[in-house]
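The same chain A turns up in both complexes below, where it pairs with chain B and then with chain C.
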Partner chain A sequence: MALPKAKEDALQARLAALPAIAGKGWLAAARAEALARLTAMGLPARRDEYWRYTDPATLNSAEPTPAVRFDAGDEAAPFDGMDRLKLVFVDGVFDAAASDDLTLSGVNIERLAQAGDTDIHWAQGLYGVLEARGQTPVVRPFAALNTAFATDGVLIHVTGRAAKPVSLIYVHNSDTSDAILHHCVKLDPGAELTLLENGPAAARFSKVLEVEVADGASFHHIRIQGRDHQRRAVTHIFARIGAKSEMRSFTLTANGRLTRNEAVLELTGDEGRAHVAGAAVGDGDFHHDDTVFITHDAEACESRQVFKKVLMNGATGVFQGKILVKPGAQKTDGYQISQSLLLDEDSQFLAKPELEIYADDVKCSHGSTSGAIDETALFYLQSRGVPRRTAQALLVLAFLAEAIQEVADDAIAEDIRARLERWLARHGTKG
Partner chain B sequence: MLEIKNLHVKLEEEDKVILRGVDLSIGAGEVHAIMGPNGSGKSTLSYVLAGRDGYEVTEGSATLDGQELLEMEPEERAAAGLFLAFQYPVEIPGVGNMTFLRTAVNAQRKARGEEELSAGDFLKIVREKAKTLKIDAEMLKRPVNVGFSGGEKKRNEILQMAMLEPRMCILDETDSGLDVDAMKLVSDGVNALRSEGRSFLVITHYQRLLDHIKPDVVHIMAAGRIIKTGGPELALEVEQNGYADILSEVG
Partner chain C sequence: MNVLETVDGTEVREGVDRETIETVQAMAGKYKYGWETEIETEYAPKGLNEDIVRLISQKNGEPAWLLDWRLDAFRRWQKMEEPRWAMLNYPEIDYQDQYYYAKPKSMAQKPKSLDEVDPKLLATYAKLGIPLKEQMLLAGVEGEAEPRKVAVDAVFDSVSVGTTFKAELAKAGVIFCSISEAVREHPELVKQYLGSVVPPTDNFFATLNSAVFSDGSFVYVPKGVRFPTELSTYFRINAENTGQFERTLIVCDEGAYVSYVEGCTAPKRDTHQLHAAVVEIVILKDAEVKYSTVQNWYPGDEEGKGGIYNFVTKRADCRGDRAKVMWTQVETGSAITWKYPSCILRGDDSQGEFYSIAIANNAQQADTGTKMVHLGKRTKSRIVSKGISAGRAQNTYRGLVSMHPKAKDSRNYTQCDSLLIGDKCGAHTVPYIEVRNNSSRVEHEATTSKVDDDQLFYCRSRGMDEEEAVALVVNGFCKEVLQALPMEFAMEAQSLVAISLEGSVG
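Moving on to the complex of A and B:
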């Protein structure tokens, strides 16, 4: 079916700013298929149901809106001091000098830009494949665009227990950079990997992460998004989670003009576990959107969605979260919570929690709330001598605690808590 | 120590006057009790002294060691030595009881220009005091008052009081919701804190708490005023005859 003219024009304008797909290997073929998908669906518009709460205009535009880099002062970079394999991208371009060698026991790492020309590659079974699966029942055009035009990324094949975490560091240098990265992670049965991501990457950043978690494997993902106030980001995680395996993903977002984080997870083997969580704090023109879709397609799987947002001075938070329990996915345990703490009356939280269940022996719960700081608790703390601002920060951190608890590594969880505390001290908590 | 003079208070949101000229003077080391029927303004008095929002002081003053309390923030009143044991202690999910206690103790020390307690010293003191109140390690780890029974909440209030070492303690119906054993435990905790330099204002409906915490002075409050003041025998009189006699006697 042909696209409506407005959508066709928008797509052509966007495509005109992107390079033509070239090359002969498996990657070019995958890109061409993705472009065909994108051409059929067009770019999102505000009228689309899935984009009702988030305006995609600045993600659609041919050129990114400039964003200046954030100065974190003397605050240490995330994951600083941790023993990890560092891979650095500056404005989306791999920085070999700043990166470690791509060798790690238990893991095979290649760069997408160097692995695409062969006829056969393991990533063929993943690259664009999970993304394509994730296009139904709702389309995710930015993910298809990413598959078609990603300039680089990493292909990580985990064969055993990774000796240390792989850490992707996204440096933002140019005010007008527009980065598109695409990563694939394949965990063999029983394999284990922790993937760390941090940094803004660019003025505008598009990123796709496709993950195959085989039976009995474990994948932990911790992401700390960039703090540039004007940066824009659209990210997708697509994952298939096998029997008795585990995937945990946590994202901390502080600042950013626009962030749309989508996670599309599919539990495909019995007794799999998928946890996806996020803590977001925003001030002013911050707009943060978590869009999650978890499919239970096997028995006795557990999924958790825990999203907490603290919003002030007109900031906007969005949560669209769905649990789909397919026929036969008995003994499903699904939990979803999305909450916002609104520190003033100018900020808003828009939530669309959904459950769709086709099995009869399941336990699914969901809750969504938004509210102000509990004045009674505040007074109680103050009456014990805790200054109002300290008391507010304590209550805000308490509100975020359930999300931070999803970080399995205690030291990282503690660091995230400390970062949030500093953010609150910097921005105040009103009142 | 605590001097309340002609205190008039109304609700901020509505035109409802609650306190109509309260006068009260509590000397150092004294224990005073306030009794009175429901709605007489007892809890309002405690909230106004502690600095809760929602009340407007239209007249009068309240000073602690000469410092005007009513102009201070709640945390400043605490640092000045005032403590209110809540009738309904507040549950704070996500904040560990231990974190809460340490933040409070160190905030007060800091406000008074004293050095903060080290984690080790703090732990030692809190464990010791918790033990006498039969508060176990598990309760200290749990979020503040979350899932605590009525008795546990009140014991936790007394633990806070013991840790903060205030000079002026107000107990707002600390006996409500307590069984006999819990009341004994809480009272013992309070009595252990009695000293020459520390005063108490015990607000209660019932005389039985005053069997455990023996007051020097008993006040009867009604319709926003203290209408009668006497010794411990006044509490016994109320217990036997109710408030009706006193109310009619005063007119």
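Moving on to the complex of A and C:
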């Protein structure tokens, strides 16, 4: 079906600003297929149902809106003291000098650009494959665009228990950078990996992470998305989770002009577990969108979505979450909660928590709430001698706690709490 | 267990009394209202064009402004696209393959009173259990307190056949008549309010309705009148291949109160029939309207053959402060249900409530819910939705709760629960929650589960058969909504729940 004129024009304008797909080997073929997908679906528009709460205009534009580099001052970078394998990307380009050596016991790491030229590679079965699967029932044009035009990325094959976490660090250097990164992670049966991500990456950042979690494997993902940057980002996680395996993903977002984090998880083996959580704090011109789609396609799987947002000074929080239970996915346990704390009159929360269920022996629930800070609790704390601002910060942290609990590593969870505390102190709560 | 005797082929066993069996059998009958009244009907030619719109208007003896209004809507409708966002799967509807106007021949001359109405029509309603004649009601229970009265307006295919209790209504100053009559008798009221809640431009089906609505009910409750009698409209589609497009307009003036009940049935047919109604409710300061629906259109057979396509736009506008509306619906019929009774909470401190039971069995599909649009300060809304899916049916709750920036200190509570019976059906929840100020609180909860085996086992161990046990458990699941219905309708609804689930177990 041909695209409407407006969509066709927008797509052509965007494509004109991108380089032609070059190269040979499997990667070029995968890119060409993704471009065909993108051409068929067009770029998202505000009128599209999936974008009703987030305006994709600045993600669509040929050139990114400039974003000034941000100086974090004396705030240490996340995961600083941890023993980890660091891979650094500057404005979306791998920086070998700043990165650690790629060798790690239990893990095999390659750069996308180098692995892509070969005829046969394990990543063939993953790169763009999960993304393509994730295009139904709703299209995700930015993911297809990413697959077609990603400038860099890593392919991580985990064969056993990774000796230490792999840490992807995204450095923002140029005010007008437009980065497109695409990573693949494949965990063999029984393998284990913790993947860390942090940094603002670029003025505009597009990232796709495709993850195959084989039977009995365990994948833990923790992401800290910058701090107070003006950057815009659209990210996707596509994951397939096998029998008795586990995936946990947690994201902390502090400011940023526009963030759209999509997670498309598919439970394909019995007794699999998928947990995806997010804590977001936004002050002022902040728009944060969590869009999650979890498919239960096997028996006795468990999924949890926990998303909490604290919004002030006109910030906007969006949550679109869906649990799809396919026919035959009996004994499913699906849980979803999305909550927002609005610290003043100007902020808003827009949510669409969905359930689509085709099996009867399931336990699925979702909840969504929005409101101001509890005055009674605040009054109680003040009556016990806690200053109002401290009391507010305490209540905000308590509100975010359920999401932070999804971080299995205690030290990281503690660090996240401390960061949030400092963020709240800096931005102040009204009162 | 010992078999004691046999009632209509069912064995009566020890511990189960005969009455139980009979009750269950009576309830478990297939679609009860599937018969057709053989009555001479006058049709407008099949299809839809401006001439048909003119013809409908002319048949109703309408003034020029209303004809223009219809034609505007029709022209707009021609440019509109049928919405397909609902989780409903049905073949393309051929809008030209429908009759847009059907009227019993005997109604050609408008009868002066119910006594002049074709006895066949009255018999149809009697068979449906709708007492059109006041006498039937007044002859109620001997020696008991005065039986509860219900004023009824009955709509057969496209025309209103009669309204009961005219005298009592007039005494209270309440206007309750068919909308065609209201256009003739009270043009100023109709002109003022028609299309003011659901404008002719609203959506594809409402626009279609605006162009071709043939009849419906009109209610005006004057200032300060708290009308104790339930007003009721009964809709019956009889003619084949006929779309029914009724339009209901309720205006509740300051401080007034009215409770309105709507029921619907249709004969069994192999072909699908289209029903696109519009209900508009205007509620002024301190007024309150209760609107209850028991929708039991023919759902089609087990294979999904036939049945009504039900596309309905219902909206209440709480224009004044402290206005209150309560929608209660029991949706058991129709092959396709597309219906979102909404509340615009414009006045400060106004309240909207929505209670719904939607049952989809066999091949039925329902996509229904509500919209709560909070505009005024301290407005409150509550949504309780119970969806039950059985057979191969798909049941979707779709709703919107919107808190406008100015709707300070408002409150919403939403609960939608789904119950699945069998592993081939589906239950879906699609809520939209938009909160644009922080002093308002919005809470949404949804759960999905199956009929609890322990509860079923318990009922079975007390001698109930499986269907009866399921009906009991489901009735318990729906309790909060059933309680919101006027008493007689709650009884009817309870047995409807059982009937609708017939064939869903075993």
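Operating definition for what follows: the second predicted complex is superposed on the first by the 429 of 431 C-alpha atoms of A that agree within 3 Å, B and C clash if a C-alpha of one lies under 4 Å from a C-alpha of the other, contacts with A are read in each partner's own complex, and residues count from 1 in each chain.
In this section, a residue touches a chain if its C-beta (ideal position, glycine included) is under 8 Å from a C-beta of that chain, and two chains touch if they have at least 3 such contacts.
Everything quoted here is computed from the prediction, not taken from an experiment.
Upon superposition of the two complexes on chain A, no clash is found between chain B and chain C, which fit side by side.
Looking at the shared chain after the overlay, A:Thr39 reaches neither chain B nor chain C.
Looking at the superposition, the partner that touches the larger set of chain A residues, chain B or chain C, turns out to be C. By the document's definition of touching, of the two partners only chain B reaches A:Val386; chain C does not. By the document's definition of touching, of the two partners only chain B reaches A:Leu394; chain C does not.
When the two structures are aligned on the shared chain, A:Leu342 is found in touch with chain C, with no touch to chain B. In the superposition on chain A, A:Ala351 contacts chain C only, with no contact to chain B.
In the superposition on chain A, contact is made by A:Ser370 with chain C only, not with chain B.
With both structures placed on the common chain, the touch criterion links A:Glu402 to chain B but leaves chain C unconnected. For the pair chain B and chain C, the minimum alpha-carbon spacing after aligning on chain A is 14 Å. Against chain B, the residues of chain A that register as touching in their complex are 374-377, 379-388, 390-391, 394-395, 397-402. Contact residues on chain A toward chain C in their complex (touch as defined above): 49, 327-328, 330, 340, 342-345, 347-372. Contacts from chain C toward chain A in the complex involve residues 85, 87, 405, 408, 418, 420-450.
On chain B, the positions that touch chain A within their shared complex are 50-53, 73-75, 77-79, 83-84, 86, 89-95, 99-100, 103-105, 107-108, 111, 143, 160, 164.
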